[in-house]
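The two complexes that follow have chain A in common; it is paired with chain B in the first and with chain C in the second.
So, the complex of A and B:
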């Protein structure tokens, strides 16, 4: 035992798990945690770009790595995390916007509709271009 | 009086955080679903991500721009958020942490640029 033991009323900051005690902070950490998965997904794409620049064999090896169970599980978790980011991003938007000439909730609904529209356009374009 | 305000490096990083946040909110889920789940599991045809198709996309100037924007902005958004969350998980923040995280995003951006150049037109 250290003789420099803190006095009875010394404040000690808790650094682990503090956010699990309150649902508000749990949601906050889930939102911020999505950044880890977004960065990792960017690195997966960067690895794919690197393999693409090295030729067909290398690119196909990258694709094979995407079909492993670990990669599938990672992408399912990442999909959930980034979808949560997307929802919260548009929920926060009215709070950061200047005075709006319409109901602020429309901004959130509009953003989510834009995300759904962009997703549909990308999937449609992919199916059409590679038909 | 006479004190010059110290310039903060925050605004450009904040702008990149915002751009990356918007881009990933709009198309992040569909990209992850397509490249990480639907094509590997066969929900979408394997040819969707064939070497020929993806190479043609990466050689097209618009395709190049899209790939570059996604990788760079996702990295800047992710690294900005992570550096601001370090305190919440009990890690000391400061100039070193900022250098490591923003440095990683800048490095990844340059790697993406170099690879896109190497892939050619």
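So, the complex of A and C:
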């Protein structure tokens, strides 16, 4: 049973367009929305893996489809969105961690450094493998 | 010798007005308020009530950011109106509205009953394993044990975090930031053994899982309680509890 009864006459406001009312909410929606590009890029890679299993012709067709202007534009946009997602993801990370014995900003900085480091290693390995 | 004071200036304060007896919907009303450098927004409202329009209704008490009564939306941001100065908005006008996401009772006054019921539901008091007689003496605690919960005990129930939480706005069933932070305050207390008694609230869809980590609640909190942190730590606890691993894996020294 609820101890406190609501008032008899009140006015309830609507929440329509809530994410445009405050820049903080807009940034939150951008953070969450940028994850869509992450999944889309994962699907592109999955399609590549699938075409690889179907043989050389199929794989070459997939590679050719990546060279189209539309695919290049998509990859540039996806890279920007995923970069934004990674940065904001590490920014909220301290909120999900237990109480830390050090400054929470170090967790964000460490995460970003690790992400940048991993990206550099993968890029280096790719450049070496395809030299 | 006192410092020379700024000459009186006038700022426009636009208030959302709503009279449940006569109004179908809220309306805006603007007032011209003369102010000094040391006047808070709350004092601006008090000036209106004392000198311009006695019918303007708002809650306030301590006027020094301790009681948590005077929370309202100022230019769309949830703030304690005693905690901000008119001079910081001048020469722009300011708009004042009741806290977002709550039903309006009258003018700037919101209906808090939903929050009070949620506060009830989290059992915000120590639940010891056994009742100890007074003769047993004080319930001692190390500074580190106190550190685990102290920050969360600073909550003054001002409800700014609810006004900052779009999830609460979209789904009023969500237990919400302050109630969940206070729930954590007691769960994290070494003297408390009430985890099981509160677990239904924590583990529910409308408990910690209703939070999507917008994080604005922690930004607006005037007491740095950091409700977003309290809630998201409990997502881990709730998961461990679900798999029966809570006692095994909970951080050392915590009572979780």
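Criterion: the second predicted complex is superposed on the first by the 112 of 131 C-alpha atoms of A that agree within 3 Å, B and C clash if a C-alpha of one lies under 4 Å from a C-alpha of the other, contacts with A are read in each partner's own complex, and residues count from 1 in each chain.
Keep in mind that, in the parts below, a contact is a pair of C-beta atoms (placed from the backbone, for glycine too) under 8 Å apart; a residue touches a chain by one contact, two chains touch by 3 or more.
On a predicted model such as this, the values are computed, not experimentally measured, just so you know.
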{"item": "Touched partner set for A:95, first chain B, second chain C, both or neither", "value": "second"}
{"item": "Partner chain in contact with A:38 - chain B first, chain C second, else both or neither", "value": "first"}
{"item": "Touching partner for A:106 - first (chain B), second (chain C), both, neither", "value": "neither"}
{"item": "Partner chain(s) touched by A:125 [first = chain B, second = chain C, both, neither]", "value": "neither"}
{"item": "Which superposed partner A:19 touches (first chain B, second chain C, both, neither)", "value": "both"}
{"item": "Which of chain B and chain C A:63 touches, first, second, both or neither", "value": "first"}
{"item": "Chain A residues touched by each partner, larger count belonging to chain B or chain C", "value": "B"}
{"item": "Which of chain B and chain C A:71 touches, first, second, both or neither", "value": "first"}
{"item": "First (chain B), second (chain C), both or neither touched by A:47", "value": "neither"}
{"item": "Chain A residues contacted in one complex by chain B, in the other by chain C", "value": "13, 15, 19, 32"}
{"item": "Chain B residues within the chain A interface of the complex", "value": "20-22, 24-37, 39-41, 44-45, 47-51, 53-55, 58, 67, 70-71, 74-75, 77-82, 84-85, 88-90, 108, 111-112, 115-116, 118-119"}
{"item": "Interfacial residue positions of chain C with respect to chain A in the complex", "value": "18, 20-21, 23, 25-26, 76-77, 100-101, 103-105, 111-114, 116-117, 120, 148, 166, 169-170, 212-216, 218-219, 226, 228-229, 232-233, 235-236, 251"}
{"item": "Sites on chain A touched by chain B in the complex", "value": "13, 15-16, 19, 29, 32-36, 38-39, 41-46, 48-50, 52-53, 56, 59-60, 63, 66-67, 71-72, 74-76, 78-79, 82-83, 85-86, 89-90, 111, 114-115, 118-119, 122-123, 126-127, 129-130"}
{"item": "For the chain A and chain C complex, residues of the former touching the latter", "value": "2-7, 9-13, 15, 18-19, 21-22, 24-25, 28, 32, 92, 94-99"}
